[in-house]
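In this document, chain identifiers A, B, C and D correspond to the written order of the chains, with residue numbering beginning at 1 in each.
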Amino acid sequence: MKKLINLPEQVVEDMLEGMVAAYPEYIRLVPELNIVVRKDAPMKGQVGLVSGGGSGHEPTHGGFVGKGMLTAACAGDVFTSPTPDQILAAIKEVDGGAGVLLVVKNYTGDIMNFEMAAELAEAEGIETASVVVNDDVAVEDSLYTQGRRGIAGTVFVHKIAGAKAQAGGTLDEVKEVAEKVIANVRSMGMALTPCIVPAAGKPTFTLAEDEIEIGMGIHGEPGTHREKIRTADEITEHLTKKVLEDLPFAEGDEVAVMINGLGATPLMELFVINKKVAKMLGERKISVVRTYVGEYMTSLEMAGASVTLLKLDQELKELLAAPADTPGFKQF
Amino acid sequence: MKKLINLPEQVVEDMLEGMVAAYPEYIRLVPELNIVVRKDAPMKGQVGLVSGGGSGHEPTHGGFVGKGMLTAACAGDVFTSPTPDQILAAIKEVDGGAGVLLVVKNYTGDIMNFEMAAELAEAEGIETASVVVNDDVAVEDSLYTQGRRGIAGTVFVHKIAGAKAQAGGTLDEVKEVAEKVIANVRSMGMALTPCIVPAAGKPTFTLAEDEIEIGMGIHGEPGTHREKIRTADEITEHLTKKVLEDLPFAEGDEVAVMINGLGATPLMELFVINKKVAKMLGERKISVVRTYVGEYMTSLEMAGASVTLLKLDQELKELLAAPADTPGFKQF
Amino acid sequence: MGLTVSELTDMIQAVGKVIEDNKAFLTELDSAIGDADHGINMAKGFHAVKEKLPTLADADAGTVLKTVGMTLVSTVGGASGPLYGTAFLRAGMKIGNKEELLAVDLDLGLVAALEGIKQRGRAEPGDKTIVDALQPAVMALKESLNAGKTATEALGAAVTAAEDGVEYTKGIIARKGRASYLGERSLGHQDPGATSTYLMLRTMQEFLARRT
Amino acid sequence: MGLTVSELTDMIQAVGKVIEDNKAFLTELDSAIGDADHGINMAKGFHAVKEKLPTLADADAGTVLKTVGMTLVSTVGGASGPLYGTAFLRAGMKIGNKEELLAVDLDLGLVAALEGIKQRGRAEPGDKTIVDALQPAVMALKESLNAGKTATEALGAAVTAAEDGVEYTKGIIARKGRASYLGERSLGHQDPGATSTYLMLRTMQEFLARRT
């Protein structure tokens, strides 16, 4: 393990301190609790938006705290959900009287910790609502299982629900639009290399020099299967088809595209992928309203990428287009 | 070599097409010539800003084309300077009658190709001026050598000269402020891993599992020396001290900070570095006006980081604070 | 059995030590079908418990258990934090302000713990989770006690059942937790949470056995 | 020597082929002290030259050389593109619209090429660049011609001098180009550009030798 860190046990604290040191005009840190809060929170009468999860996905989540996106983010240990007391503290920090929406990714740990936090908040008289993001089409969707994971599509939930809250939407309205995003967003990823959790010191899986992992999660979890590496076009075609067929996306649809790097993938390669995605969408007469290429939902230093498509209606288009000003996501 | 690409010979074209497909509202591509041009160029009466260099440094250079930064960027092959005819074509694309400033990084190839392009432009009656960025303190500065390399500090030149051009500065004024940035900016980097030029298929150097390379360039060039990995704080201290001593930066100075990832370094680690840099500056009573943490000047999939400091006066502060709206650098 | 609060505290410390000793092992198990942190998470939680327990010298059994639960909830994170946290919380709530625990309390406490975990995690037997170790253990304990066995003996039966449960998880596909994302690829691997449950029960049993 | 334009063209193609054959070798040299692309750059340029030359069947020697120069300038990039491009351009300008080249043209052309490279790159002998192969070669050629040797013989002397020049670059610290960033670490490695110059001269000499 070769990393630019100090003690593994201290890496989350070090990171958060470095983050607030970089962006004091956007965010502040609640000491001890590892919560990143929007500088001017709570905003009176505005719905608060709290998300969080394990660390190691930067700029998710702390990087998206700011105007038009999250009001607070709870950082758990690397790849470990934050705890209920942390989340409760974040809820209290952002509660401006209009209630707080919790944006949770569909992992057992996250679900349970946020649920406990919501129960505690309720006991203290703060109104909360929750949405659960589950955009990863690599995982089979079934009532009898945990269901799908939340991955890069979560960023669109943050953006759009954040815009709605910023525009003065009620808790119900913000929750509703978040759920609309969740219903219309699909993603799938692949990895060239695994990643190493600092405290573990070694990767959770290994890949040969000519192997890639398809459909892996953003926590170093192995994926659906392993195969020989192919060209970027072939790999992209495979991922994009899975994503397209799932909703399904159809001719005439308007979409937003996110080509997300997992941590160690150069932008160059993400653009190569986007070329192919744009071509495939063009062929299917699906029109691209906006494209985001970059690292949004990473998995430490994993090399690989995911493709996300979000089907837009007029409301989603407008909210996606709204300005956002956060350290990790800026849009005029 | 494990990369998300198609043919190595085609990777730059693929990338550029994927880039303009992603950002049609910002940029257009001049086909065949691998030039990324601001959508609304040429801007009548506004100084054009042309930069470029080898590819593999994304978002540099094409990602910084847009309002308040570059007017055009010429993409050479991976780590290879663009050619004079490419650069000349870019100059013509952006010439709005007020002249064109060429921002060149101090590499023999870049210098000569831009110089030839400037001669050709002059022959065609277009006024140009050039500045050469050489911020890398890892390289000894000497009149008898090539001098220092241009690395991440170049992004500050793009930002500030771009703001000056956007504000209507004359060619002389834009050049002058670019030179002021160059005189006041210093950087130094280190690598955890090398990178692989797609066409070469193998790294230019190798590092043991516990070794790092100090002061390497952004083209896979070996650095000043190699050492055993240490903590992020120790490594950061070494780099930052070198940078601080060089200008030198002194008590009371106001600075902008850039913690730049080289391609494969997670944001988490860059924030860990920033924590230490902020601490060191605080101890020296140097005040940080703005901090940029992220991937700005990369070296394909190299893992590592560089630290850049720019000493600011009132003019630089204002121009740095001016809005910029480009795919890779946005600031309200 | 007549377990004093101070002995209960020692028993919990023994459990914590076993978790600490098995940190790498549990993490290794989690790396096969999860995200390689179960041992790390649990060890962190029990480290906090270890620091906390000395402040509870004068507390009753329920308070000790609830405090352990709260500590786990607020330090572990992930899936195991709320699950084991809820287990201790519920056991503590059930047992209440007793100064000495009897066999029946062991039964009550473990039943409450199991119910808490099932409620929090919505897992059923066969989902490849903690439940696959804990539910058979709780049943075996109850049966043994009903058959007139001592607490130590009954806990011995529970440990055996939990061990079988861990073994059983190797042959099933995960339907809850991170391992469920793997589908069939989760086959052949034992569940980390079921394993930590087994380790905890075994430690409790050994503690009781040492003392008798 | 009496080299026709068609022979000149063949000679340039032979040079291109040698560059292509040594693409990996030159890149390898550049990876030690540069950025691992010298062979790739040069091969790309001469590939373009190869496509271009057939369109110049009726051109004079100067035009052929200038076109080769322009082609290199606009396809190679990096440091070697403008340098070798300028070299061919200047040689072409010096030689002008001749239909047949004599020994004196070889001398004039190489001198102009060297001057072009030195002017463009501002390198002097001892900087560990192309100049360290080309300048001694040009001097050896001139001396041989002055001593009454044939063009082929004189070029033979130039090749030997260039080879010595390449050897010499191993012992010096780079002061121009990417290798200069390495400081003392550039010691012990031969310069890629000096090496490609040597290869080109050797190919020219072999071409002349084959034909006589």
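Here is the rule we use: contacts are C-beta pairs under 8 Å (C-beta built on N, C-alpha and C of every residue); 3 or more make two chains touch, one makes a residue touch a chain.
Keep in mind the model is a prediction, meaning the values are calculated, not measured.
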Any idea how many Å lie between the Cα centroids of chain C and chain D?
77
Can you check how far apart chain A and chain C are, centre to centre, with Cα atoms defining each centre and the answer in Å?
32
Distance between chain centroids, defined by C-alpha means - chain A, chain B (Å)
29
Compute the distance, rounded to whole Å, between the mean C-alpha positions of chain B and chain C.
55
Please categorise the chain-chain contact pattern as a line, ring, star, complete graph or other.
line
For each chain, which other chains does it touch, given as pairs?
A-B, A-C, B-D
Considering the complex alone, what residue numbers of chain A touch chain C?
54, 76-86, 107-109, 112-113, 115-116, 138-140, 144-146, 149, 197, 199-200, 204-205, 217, 219-222, 224
Please output the residues of chain D touching chain B within their complex, sorted ascending.
27, 31, 33-37, 40-41, 44, 73-83, 120-121, 175-178, 180-183, 185
Using the touch definition up top, name the residues of chain A that touch chain B in the complex.
2-6, 11, 14-19, 21-23, 55-56, 58-59, 63, 192-193, 209-210, 212, 229, 231-233, 235, 257, 259, 263-276, 278, 288, 291-293, 295, 298, 300-301, 303-305, 323, 325, 327-328, 330-332
